[in-house]
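Chains here go by letter, A, B, C and D, matching the order in which they are written, and residues are numbered from 1 within each.
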Amino acid sequence: MISPDIQRQVISWRRDFHQHPELGFLEYRTAARVAAELTRLRGCTVKVGSEVMRPAMVLDSPAPDVHAQARREALANGADAYWVERFADGLTGVVAEWTFARPGPVVAFRFDLDALPIDEPSDAAHAPYREGFSAKYSGRMHACGHDAHTAMGLGLATALAQSSDDWCGTVRLIFQPAEEGCRGAKSMVAAGVVDDVDWLICSHLGVATKRLGQVACGTTGMLATSKFAARFSGRAAHAAVEPELGRNALLAASTAALQLHALPRHGAGESRVNAGQLISGTATNVIASHAVLRFEVRGETTDINRYMAEAAQRVVRSAAAMYDVSVEIEVLAEALGVRCDPEMIALVRQAAMATGGIDEIFDTLPDTGSDDATLLMDAVQARGGRATYLLVGTSMIAGHHRDQFDLDEASMSLGIDLFLNILRRTTHLVSG
Amino acid sequence: MISPDIQRQVISWRRDFHQHPELGFLEYRTAARVAAELTRLRGCTVKVGSEVMRPAMVLDSPAPDVHAQARREALANGADAYWVERFADGLTGVVAEWTFARPGPVVAFRFDLDALPIDEPSDAAHAPYREGFSAKYSGRMHACGHDAHTAMGLGLATALAQSSDDWCGTVRLIFQPAEEGCRGAKSMVAAGVVDDVDWLICSHLGVATKRLGQVACGTTGMLATSKFAARFSGRAAHAAVEPELGRNALLAASTAALQLHALPRHGAGESRVNAGQLISGTATNVIASHAVLRFEVRGETTDINRYMAEAAQRVVRSAAAMYDVSVEIEVLAEALGVRCDPEMIALVRQAAMATGGIDEIFDTLPDTGSDDATLLMDAVQARGGRATYLLVGTSMIAGHHRDQFDLDEASMSLGIDLFLNILRRTTHLVSG
Amino acid sequence: MISPDIQRQVISWRRDFHQHPELGFLEYRTAARVAAELTRLRGCTVKVGSEVMRPAMVLDSPAPDVHAQARREALANGADAYWVERFADGLTGVVAEWTFARPGPVVAFRFDLDALPIDEPSDAAHAPYREGFSAKYSGRMHACGHDAHTAMGLGLATALAQSSDDWCGTVRLIFQPAEEGCRGAKSMVAAGVVDDVDWLICSHLGVATKRLGQVACGTTGMLATSKFAARFSGRAAHAAVEPELGRNALLAASTAALQLHALPRHGAGESRVNAGQLISGTATNVIASHAVLRFEVRGETTDINRYMAEAAQRVVRSAAAMYDVSVEIEVLAEALGVRCDPEMIALVRQAAMATGGIDEIFDTLPDTGSDDATLLMDAVQARGGRATYLLVGTSMIAGHHRDQFDLDEASMSLGIDLFLNILRRTTHLVSG
Amino acid sequence: MISPDIQRQVISWRRDFHQHPELGFLEYRTAARVAAELTRLRGCTVKVGSEVMRPAMVLDSPAPDVHAQARREALANGADAYWVERFADGLTGVVAEWTFARPGPVVAFRFDLDALPIDEPSDAAHAPYREGFSAKYSGRMHACGHDAHTAMGLGLATALAQSSDDWCGTVRLIFQPAEEGCRGAKSMVAAGVVDDVDWLICSHLGVATKRLGQVACGTTGMLATSKFAARFSGRAAHAAVEPELGRNALLAASTAALQLHALPRHGAGESRVNAGQLISGTATNVIASHAVLRFEVRGETTDINRYMAEAAQRVVRSAAAMYDVSVEIEVLAEALGVRCDPEMIALVRQAAMATGGIDEIFDTLPDTGSDDATLLMDAVQARGGRATYLLVGTSMIAGHHRDQFDLDEASMSLGIDLFLNILRRTTHLVSG
């Protein structure tokens, strides 16, 4: 069990992060604090920015002026300029690593850093407001618990550093930006942060484990997803005088939106498609020269999602061809179906049974969301490693992504205890 | 003025043709009689079949069994087997030609042979029925006056042959199949029947000249048109079990139909589009593997029609690509915009002024239909020749293509007189 | 175990039915033979035609001339004219019933009569052909085993009649027409044939039980489905001259087809939609006045199917309104999701364990098809009765609905034995 | 001929207006100066705001904050606060009127006030820039000559006031806001400003009269048009979790956009349709609850436009119904086909022949644009009055609505001379 000191610190970190919520790829202050805290720890190597993220694989990062504004805000709110500089252009990932004296496996944990574009309520019924640590920025909120995830990562790091003689092999803590929208993991996978991982533990507070003491050793049912922006470029023309000169981007995008929803579905399992945003045109008498269509597909499995994604892109390109307009399709986000290894589930079960305070253990529970931790898991599994996505129970006032969301801070320490117990067993399995 | 003998014969021919209406490319009996009559005439060279039509350019001819049945019917109704054989496979065009001793220009007249798929009424108010020469076949009728046009061609031929010393140069009479649907002219142009023509006279009874005595020396406003059949081939699949294996021809064709109608129009003039027939699929639980879509476009000018035709084909191909199905597009019909040469209009006016019985002469009148005589006209004009599409007035009980349609048989002789006067002037212009 | 006599007779009946396959609602000869055989049995009351089917609720019956032809064919192939007459207009359902002296529950079994529009192969590898009982009619085949189902019904009836002292309560055998396409059950439910049923046993040979000796006591996963024909009526017009007068049924139907496929899906489970047939229009230059669109929806549950069916009808009506055309929507078929009662599954398991030759018993197995037996089951369950849809194993050369389909005739006797054992237990439960 | 003083003043006014371009319904400074100048003139009655515009019939006026900002700007640029107040809420129309001692007809002239959202070039080749009177505001420009039209109205007023003894009857000068987009005339018609008009003269500099000295007494070919905004309201839902709860406004709007373009066209003449702007949705994983679609239709005649407008609204409403979303359709703009009375054309021709400097007179010239002056004309003609839309020639560097547009200021005086000559003749016709 981690020390009361660490327990207090974890709560303190969490509340600091909660007060300073930052959106995906803009976590300058959060990541700077993470890096600064890790740097203080014994034996810890810290890598950030382009060391842990391949810039070309970053998905759907905000515009430069948004980054510039976010950096100014981070600095104004106490972020260390040294670190902010190293996260240039939104490469806000941080990886901490210990290589211990005794040989052993490579075990990695993944934590996510970003907040949501939600207004936090100023309401005495809402604990963070009542207790004075609600978001200082309007329009943003940690309504998915990533503040707690990040604090747990720092707590785990602290505990590891304080007991480094106990461990063997390599332990790596991956702090990922932009989990919301499934954007941050891809560039970290591309940078190789899990290339040598034997055991990967991804986790989430809450979700299907809705009270303190419950744990699910794995997750099922997370939908694989791909999100896209299609940018159509045609040619404007006066709609009454020379309509034949126009190449109608609005109709190309409208056709694509409609036809995306008409995609034949896969018989092997559930799939989804949604054209969520369409912006096109200027005036009623001008044939619209440009359109942007943002859409997503999902699938019960990675294969079904891939089928939908390929069909969707064919539809978009054909709609453009139909109207003689060009189209660029940008990948905005990517997550895979979840597949937790049975060996890992069994190992987590043993660790959970050994963890005080855990009183109900599920092998797996279903989660209908999407998380790009699945990209990390898939990369590990593709090389023969094992991975799971476990759930640590917490009571919640309201579900994730709602503005009344809050969690039981006691779940953080319990989660760290579980992580340490998992670590003991992965070590044991290999070296013991 | 043609002789009473020829006048009587023209009426007799017309009534014979009226009793034996034949659809496009199936005019075995009509063409056989035309060829037989022409062969009897002094100085007349008769060419038929592949001598006057290029088989590869025949548009949308009926299926072989339909031809076989039509030939049997023709023979059963008195057609000469010698000629029927020479029209094999529906090459039912006939061209008669005189080359006179004195040099002179090449002057051509075009007549059309085919009838319509309309039931002729058994009604005493309908003159052909009352006078005993209504159609012997159900479901077919000469409701556009081509029976009279063909008879006028034979009358003109007879008059020419009886006065061959009067003429110079070359006179050619072109009897074209399948004017309905704009299908027959293309293969005759391709066979070269107008390659050397200096003056081409196309004509129609009625239309905008609605009483005996009126003549329009030219026509305006005929729409250029292209008609197509798109045949989509996809892949069937069980719609509930394995929908992802299907390639949906029904949706490709439906999409094409809808998107054809959404084509941007041309600012320079009127255009039309119609998806007139869609046939696809077998059962509700099978993804349809095949579809046929028949459609047409039109334009106020040949250019506008070409713009529409090209855009339409792009739409059809893109709709197929969208559903990953293949598509073959067959051209079913083609006609161009009409452009009557001013010199020709002036010449016809002079001829009409010299023709007894003509009391009202228009330079041009508008006609909103389409006629593939325009292909012949365009071919003549492209080589520097002159062409017109003139109208010979006749009273009509009802408009063209209606089952009560009938015409004033006196208009036939008057038309022949006009043709002879035109011929005198074309000759005169060159030789006189 | 049924007697060798009955076993032989069952095979003989099956082969007779196999030789005379009849499509849905046209089972004049099959139903006549069923009725005739049942009438001979001791204690058996036979009801047919409008006694067991409500005419107004018959779905998608063939046209009158098809019925007339089918009746002539049945008579020519030995059907009893007395019965054929009583099945007038395709009310080819037959219900046999025994009310035994001792009181007891109402137990019903359902069998289906119809064949498929499939050509039976003339191939020595195909047992029915090799052994001389393949279909006498081309284009039709019992490729789903309903010939065997019907024969099993007659075998069960014979066994019951021969041992009538053993039984109590009421036993009813329901011979349903037109199971293919899910059309026949609705009118039988409406006629009340299951209104008083306590225990309903529906069954199928093969499907997920692919060898002799296997039995599944219930089925899961059958998709609820609704099939429709939408008939659009607009107004024809010349597409070039007066397009504004047209009301375009082809575009209304095309729009409906496309939009049906774009229906938002249900998050609670799988759904399907297919526009399987679209027929519209006559000529390229006429705006199509009529169109027929045949389509289906399916759902993992009855509720999901209902959601899809309602949305589909809204889409079709809106597409018609968009083009100012009228539309009539006919229900062609209906089946519900399957829900087998646990008590019934348990009872069948006991019966199966007591049946010689059954060596593998599943509580349930999945079936991805649809069967309108579910309408009968739902009606029974809605009144508090119990129902199941069980599977009796048989080896098969090829899957159902394929032309090489054949089954192991031994499965028929084994199935009858199982039915009798079920009957013993239902009786026992109540009276014992 | 107007005096050199008035000529100079007209140029001065025009340049002042040119420097202060204001968009439709925001012409606070322009209208205030017009009103102030008119008020100074002898015998002139000035009405403004709700006296000359019915507020409920104002089409597509900007949002309140845009008005507030425009008023502040007008005041900051020297507008008289008294008048700005009277134009509250953008009722920026001004009507000047003289009723002369002698009886006579009611003659009205219409001038338009507004500018375009175009950046004026800072380029020595552009005369207004070179001569120091280019727009003081960025993003706006008088690129259609309304600055000159308004100045001509003031010049005509000044000339009238200086010679009031010459005139009889009533002369009314209508200064209309928001001609661009065809929005301002409707509310002025509704307020009755032309209810009693016998002769209405609408006019434009340039267009088809491309040099000084040309005049067209009337115009043909202006397209009738209606512009609309359709606002769709559905229901958001998570696209993956509960798609069945969504009511998809994005697809409703996309469907409407596509189907608008597929509207059957009118056989009697040209028509146009354009969906020019579509804005919908927020995120890829949310079913879009709102959408706005802006579109327009046009027709060669008022009837054809009405046909298109009615069909378009049916399509939009059906698309909404198809997706179970509600829709509000707002009329943004309206103009009719142009019909200039022959009597008026003849009268203008006589006036033009009497006007020094006019050397080429056309009865009519074609104009392919739209102008809501046609609403005023139609209202006059509906009551038996006469109207025309005449063109006064001017050389132009570039066409209307281009940023290099400029005109020959001499055309203004010449136009005023023509107006006075027209006025003499209308008076003469009645009183003379």
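Assume contacts are C-beta pairs under 8 Å (C-beta built on N, C-alpha and C of every residue); 3 or more make two chains touch, one makes a residue touch a chain.
Computed from a predicted structure; not experimentally measured.
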(message) With centres defined by CA atoms only, which chain is the most remote from chain A?
(response) B
(request) Over half of the contact pairs shared by residue number: find the pair among A-C, A-B or A-D that meets that against C-D. (result) A-B
(request) Could you quickly compare B-C and B-D and let me know which has more C-beta contacts? (result) B-C
(request) Could you tell me the distance, in whole angstrom, between the mean C-alpha positions of chain B and chain C? (result) 54
(request) Report the inter-chain centroid distance for chain A and chain B in whole angstrom, where each centroid is the mean of the CA atoms. (result) 69
(message) Need the CA-centroid distance for the pair chain B / chain D, whole Å please.
(response) 50
(request) Could you check chain D for residues that touch two or more other chains and list them? (result) 240-241, 243, 251, 255, 258-259, 261-262, 264-265, 272, 287
(request) In the complex, go through chain B and note every residue touching chain D. (result) 258-259, 261-265, 269-270, 272
(message) Under the stated contact criterion, what part of chain A meets chain B in this complex?
(response) 238, 240-246, 248, 251, 255, 259, 262, 264-268, 287, 307, 314-315, 317-319, 321-322, 324
(request) Please give the residue numbers of chain C that touch chain B in the complex, ascending. (result) 223, 225, 227-228, 239-241, 243, 250-251, 253-255, 257-258, 261, 272-288, 291, 294-296, 298, 332-333, 368-370
